[in-house]
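Heads up, there are several structures right after this.
Common to both upcoming complexes is chain A, partnered first by chain B, then by chain C.
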Partner chain A sequence: MSFTERMLKIDRRIIFLVIGLCTLIPLLYPVGLPIKISQEVRGVYDHIESLPEGATFLLSLDFDPASKPELHPQSISLLRHAFRKNLRVIALTLWVSGTGMADQVVTQVAREMGKENGKDYVFLGWSPGGTAVIINMGQDLYGAFPADYNGKPTKGLPVLQGVQSLRDVNYAVSLGAGRPGVEEWYVFGRDKYKFELGGGCTGVMAPGLYPLLRSGQINGLIGGLRGAAEYEILIDQKGKAVAGMDAQSATHLAIIVLVIMCNLFYFSSRSRARQQGQAGA
Partner chain B sequence: MSIELIIGAWVATGLTFFIFTFLYKDNPLFKLAENLYVGVSVGYTIVKTYDTVIIQLIWKPIVEQGEWTLLIPVAIGMLMLTRYAPKAAWISRYAFAFIVGVGSGLAIPRTISSFILKQIEDTVRPLLMLVPGEGVTFTWSLLNPASSLNAIIILVGVCSVLFYFFFSVEHTGPGKVVARTGVMFLMIAFGAAFGYTVMARMSLLIGRLTDLIEFSDSSYGSPSLWLLGLTILTLVVMARRSSSKQPKEE
Partner chain C sequence: MIFLRRQVPLLITLITGLVFAGQYYVPHPASEQMLTSVTKWLQIIGGFALVLGVSSLFHVHAVKIRRKEAGWGYSFVLYVGMLGTIAVGLWANGKEAVDGAMTAFGWVYNFMMVPLQSTMFAILAFFIASAAYRSFRARSREAAVLLIAAVIVMMGRVPLGEYLIPLSGDLSQWILNVLNASVRRAILIGVSLGTVALSIKIIFGMERSYLGGGKE
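And then the complex of A and B:
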C-alpha cells in the first residue's frame, strides 16, 4: 500500500486527536491573534450605546445548555453592557430547558455589576407557548408574565414602570439557538409591535439570519463564539470568547490543511490508478 | 469554594470525558452519560413545565384569584387527553382544530409579511442610487450590504436559483448558463453554511475544553486530571476484557 493510499485510509481517531490538540494547545498557550470587529456586531453595540439611561432593554435568552459555549459569553457581554449603561433590563427565556441557566447568568452579572433585582432588572423566567408568548407580551406583558421567576408579582415592579407591552421596549435582543428564537421575535414581535430588534445566534444559524440583517429587519447580529469575542472586545471586557479565538483559528487552519491534503492524496491516487490502468492495457 | 461548585465540577468533568470516549469507540461509559443526559433533561423539562403551567398559570390564578375563565383553555387542553381513549379520541379533534386554526391564522399573514414581502422588497431595491447633488451613483463596495454591486449580485443570485428550480423549461442553451449560475450560487451558500457549522462545532469543543482546563485547578480537587486517568484506565480494562473474551468465544 502506497503512502497516498495509507493517508486516505487513515484512522479517523488520529484526525480527532489532531483537532483536539489544535484546540487544546492554543487554549493553554494563547497567542492573542487580532480580532476585527464586524459591522453586524457593531450594529447591536452601537444601538445599546445610543440608548439613554433608564431605557428598557429586553433580553430573551432562547437557548439551553447545549449551546452554552456560544451563547453564554454573548449573554454575559450584553448584560454587562446594558448594566453599565444603566438600562432597565427585562430578561426572559422561551426555552424551558434553559430556564435555570438563564437565571444563573442574569443573577451572576447583575450581582457583579451591583444591580438590584426588581429595581434595575427582572428575570421573568419561562412561559409556555413559544411564539404565543411573544404575541401575548405584545398585548399585555403582565398577562404573559403575571409573576417573575421568583414568584414576585410583576405589576408594580420599579423596573417595569411605564412598560405595558412590547411597544414600550426600547430595544430587544434575542439570543437564539433555534426555534423559537430570533426569527420568531421578528415575525411575531418586531414586525407587529414596532420595536428595535437585534439578534445573537449560534454559528449554525447565522447564515440563515443574514437576509434579515441585510433587509434591516434586525439591526445587528452576533454570530457564534466569534461574535461573542467581538462584543467582548467592544465592551473592553475580555472573557471566555476572546480566550477561545486562538483555538478557533487553529482548528480552522487544521481543517483547511486536512481538506487540501485529502484532495491532493485523492487526485494523486487517482492519477496513479489511471497510469497503472494504461500500463496494464 | 462551595461544595456544590466542587461537586458540579466533578460531575461535569466526568460526563464530558465519558461522552468524549465515543470518539474512541462506543462503550458503556458513553451510554451512561448519554442516558443520564436524556433523563435529566426530560426530568427537568417535566418539573419546570408542571410548576410553571399547572401551578403558576392554572392552579394559583383559579384557586387564589378566582380567575374562572381559565377553565376554558384548560377544558380545551383536556380534550387532547381523550386521544388515550380510542372510543372518545374523536373529541380531541376539536382541540386540534382550535390549535391549527389559531396557529395558522396567526402565523400565515405574519410569515408572508416578514419572509416573503420584506425579502422581495429587499431584493428589488434600486440598482442605481440618486444622491442629491451628485446625480445617479453606483457604489462598488462589496463590504457594504446596501451597495449597488451587492444589489446586483443578489438579484442575479435570486433569479438564477429560482430558474434552476423552474422545471417546466428544459435547461438548454442560455437557460443552461442561467441554471449553472444558480447552481454556483447554491454551492457558495452551502459552503458558507457548512463553514459556519464547522465553526459552531469547534466552539462547542472549545467550550468543553475551557471548562476542563478550569476544573484541572487544585481548588476543585483537580477533577480533570483524576477523571481523565480514571476514564483511560476504564477504557484499557474494557479493551483487555473484550480482547480476552474474543478468543474464548472463537
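And then the complex of A and C:
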C-alpha cells in the first residue's frame, strides 16, 4: 500500500485526536481574535435597542440540552439586553425537554439583573400542542397559559398588563433548534398576528432561515455560536460564546486542512492508478 | 360501519378543511372565536398524543424485552430510565427545584439528561470531521463547486478565517445571502405548492391514505 493510500485510510482516532486538541487548546489558551458583527445579528440588536422602556418582549426558547452550547449563550445575551432596556419579558418554550433549562436561564439572568418575577418577567413554561400553542397565544394568551411555570395565574400579573394576545407583543424572538422553531413562529404567529419577529438558531440551521431574513419576514438572525459571540460583543458582555470562538476557529481550520489533504491524496492516488493502467496497456 | 369508518371522516375533513381555509381570511369575532376553540382542542389532542407516544414506546420495547431480541438490554435501560423519571417527576410535581432546592427530578434533568444530550451533540463534531476527511472529495465538477463553497463558508464564519483571508467573510455572506437564499426559496416554493396540492387532495377526499388501509 502506497503512502497516499495509507493516508486516505488513516485511522479515524487520529482525526478525533486532532479535533479534540483543536477544541481543547484554544479553550485553555484563548487568543481572542476580533469578531466582525454581521447585519443579521445587528438586526435583532437594533430592534431591541429601538424598543421603549416597558415594551413587551417575548422570548421563545425552543431548544433542548443538545443545542445548549450554541443557544444558551444566545438566550443569556438576549435576556441581559432586554432586562437592561427594562423591557417586560415573557419567556416560554415549545420544547418539553428544554423546560427546566429555559427556567434556569431566565431565572438566573433575571436574578443577576435584579428583576422581579411576575413584575418584570414571567416564565410561562411549556404547553402541549407545538404550533397550536402559537395560534392559541395569538388568539388568547391566557387561554394558552392560564398559569405560569410556578403555577401562579397569569391573569393579573403586572408584567402582562395590557397583553391579551400575541398582537400586543412588541417584539418576539424564537431561539430554535428545529421544529417548532423560528419558521413556525413566522408561519403561525407573525404572519397572522402582525408582531415583529427575530430569530436565533444553531449553526447548521442558519442557512435554511436566510430566505425568511432576506424577505423581511424576520428582521434579524443570530446563527450558532458565532451569532451568540457577536451578540455578546454588541451588549459588551463577553461570555461563553466569545470564549468558544477560538476553539471553533481552530476546528474549522483543522477540518479545512483535512479536506484539502484528503483531496490531494485522492488525486495523487488516482493519477498513479491511471499511469499504472496506461503502463499495463 | 363503512359509513362511520370512511364517509364520516371524509365529511369531517371536507368541512373543517374548507371552513378553516376560509377562516384565515375572515377576521369576524365569531370566526376568531371558532379558531380559539379549535386551537384549544388541538392543544388537548397534543397532550393525548404525548400519552399515546409514551404508551407506544413502552409497548414496542416491552415486546423486545419479552422476545429477548438483539439489544433488548437497551430496551430494559429505557424502561428503567423512563419509569424512574416518571416516578421522580410525579413525586416532585414536575418541578426541578422547590424554594431554591433541587428536587430528584431536577437532579435527573440537570445531571443526566443535560450532559447526555450535550455529549451526543458534541460527539458530532468528531464524526463530521472524520466523515469529511473520508468522503468530501472533488470527484466531479459539482462536488468541486460544493467543496469550494463549503471551504469559503467555513473560513468566513470564524474569526481565524477572516483574519487569514479577509475577503472570506464577505464572500461567505454573499454565498449565504444570495446563492443559498435563492435556492432555499425555490425549494420552499416547490414544497409549499406541493403542500397546497396535497391539502386540496386530502380535503376533497382524493388522498385517503390517512384513513388507513390504503386507497379503496
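Quick notes on this structure:
One rule holds in what follows: the second predicted complex is superposed on the first by the 281 of 281 C-alpha atoms of A that agree within 3 Å, B and C clash if a C-alpha of one lies under 4 Å from a C-alpha of the other, contacts with A are read in each partner's own complex, and residues count from 1 in each chain.
The definition used in the following text is that a residue touches a chain if its C-beta (ideal position, glycine included) is under 8 Å from a C-beta of that chain, and two chains touch if they have at least 3 such contacts.
None of the values given here were measured: they were computed from a predicted structure.
Of the two partner chains placed by the overlay, neither chain B nor chain C lies in contact with A:268. Looking at the shared chain after the overlay, A:135 reaches both chain B and chain C. When the shared chain is aligned, no partner comes close enough to touch A:4: not chain B, not chain C.
Residue contacts after overlaying the shared chain place A:36 against chain C, while chain B stays out of touching range. When the two complexes are overlaid on their common chain A, residue A:237 makes contact with neither chain B nor chain C. Of the two partner chains placed around the shared chain by superposition, chain B is the only one that A:27 touches, whereas chain C remains out of contact. In the superposition on chain A, contact of A:146 is made with chain B only, not with chain C. Once the two complexes are overlaid on the shared chain, A:217 sits against chain B while remaining clear of chain C. Of the two partner chains placed around the shared chain by superposition, chain B and chain C are both touched by A:252.
Chain A residues 16, 19-20, 23, 64, 68-69, 96-97, 100, 127-128, 132, 135, 192, 203, 206-208, 211, 213-215, 224, 226, 248, 251-252, 255 lie at the interface with chain B in one structure and with chain C in the other.
Those residues of chain B that touch chain A in the complex are listed here as 23-24, 41, 44-45, 48-49, 52-53, 56-57, 61, 106-107, 110-111, 113-115, 118-119, 121-122, 143, 145-146, 154, 189, 192-193, 196-200, 202-210, 213. If you check the complex, the residues on chain A that touch chain C are 10, 12, 15-16, 18-20, 23, 33-36, 38, 64-69, 96-97, 100-101, 103-104, 127-130, 132-133, 135-136, 139-140, 143-144, 192, 203, 206-208, 210-211, 213-215, 224, 226, 245-246, 248-256, 258-263, 266-267.
Here chain A touches chain B in the complex through residues 13, 16, 19-20, 23-24, 27-28, 39, 64, 68-70, 96-97, 99-100, 125-128, 131-132, 135, 146-147, 151, 183, 186-188, 191-192, 202-204, 206-208, 211, 213-217, 223-226, 240, 243-244, 247-248, 251-252, 255, going by the rule given at the top. By the touch rule above, chain C contacts chain A in their complex via residues 24, 32, 35-36, 39-40, 42-43, 45-47, 49-50, 96, 106, 109-110, 113-118, 120-122, 125-126, 128-130, 132-134, 136-138, 147, 150-151, 154-155, 157-163, 169, 173, 176-177, 180-181, 184-185, 188.
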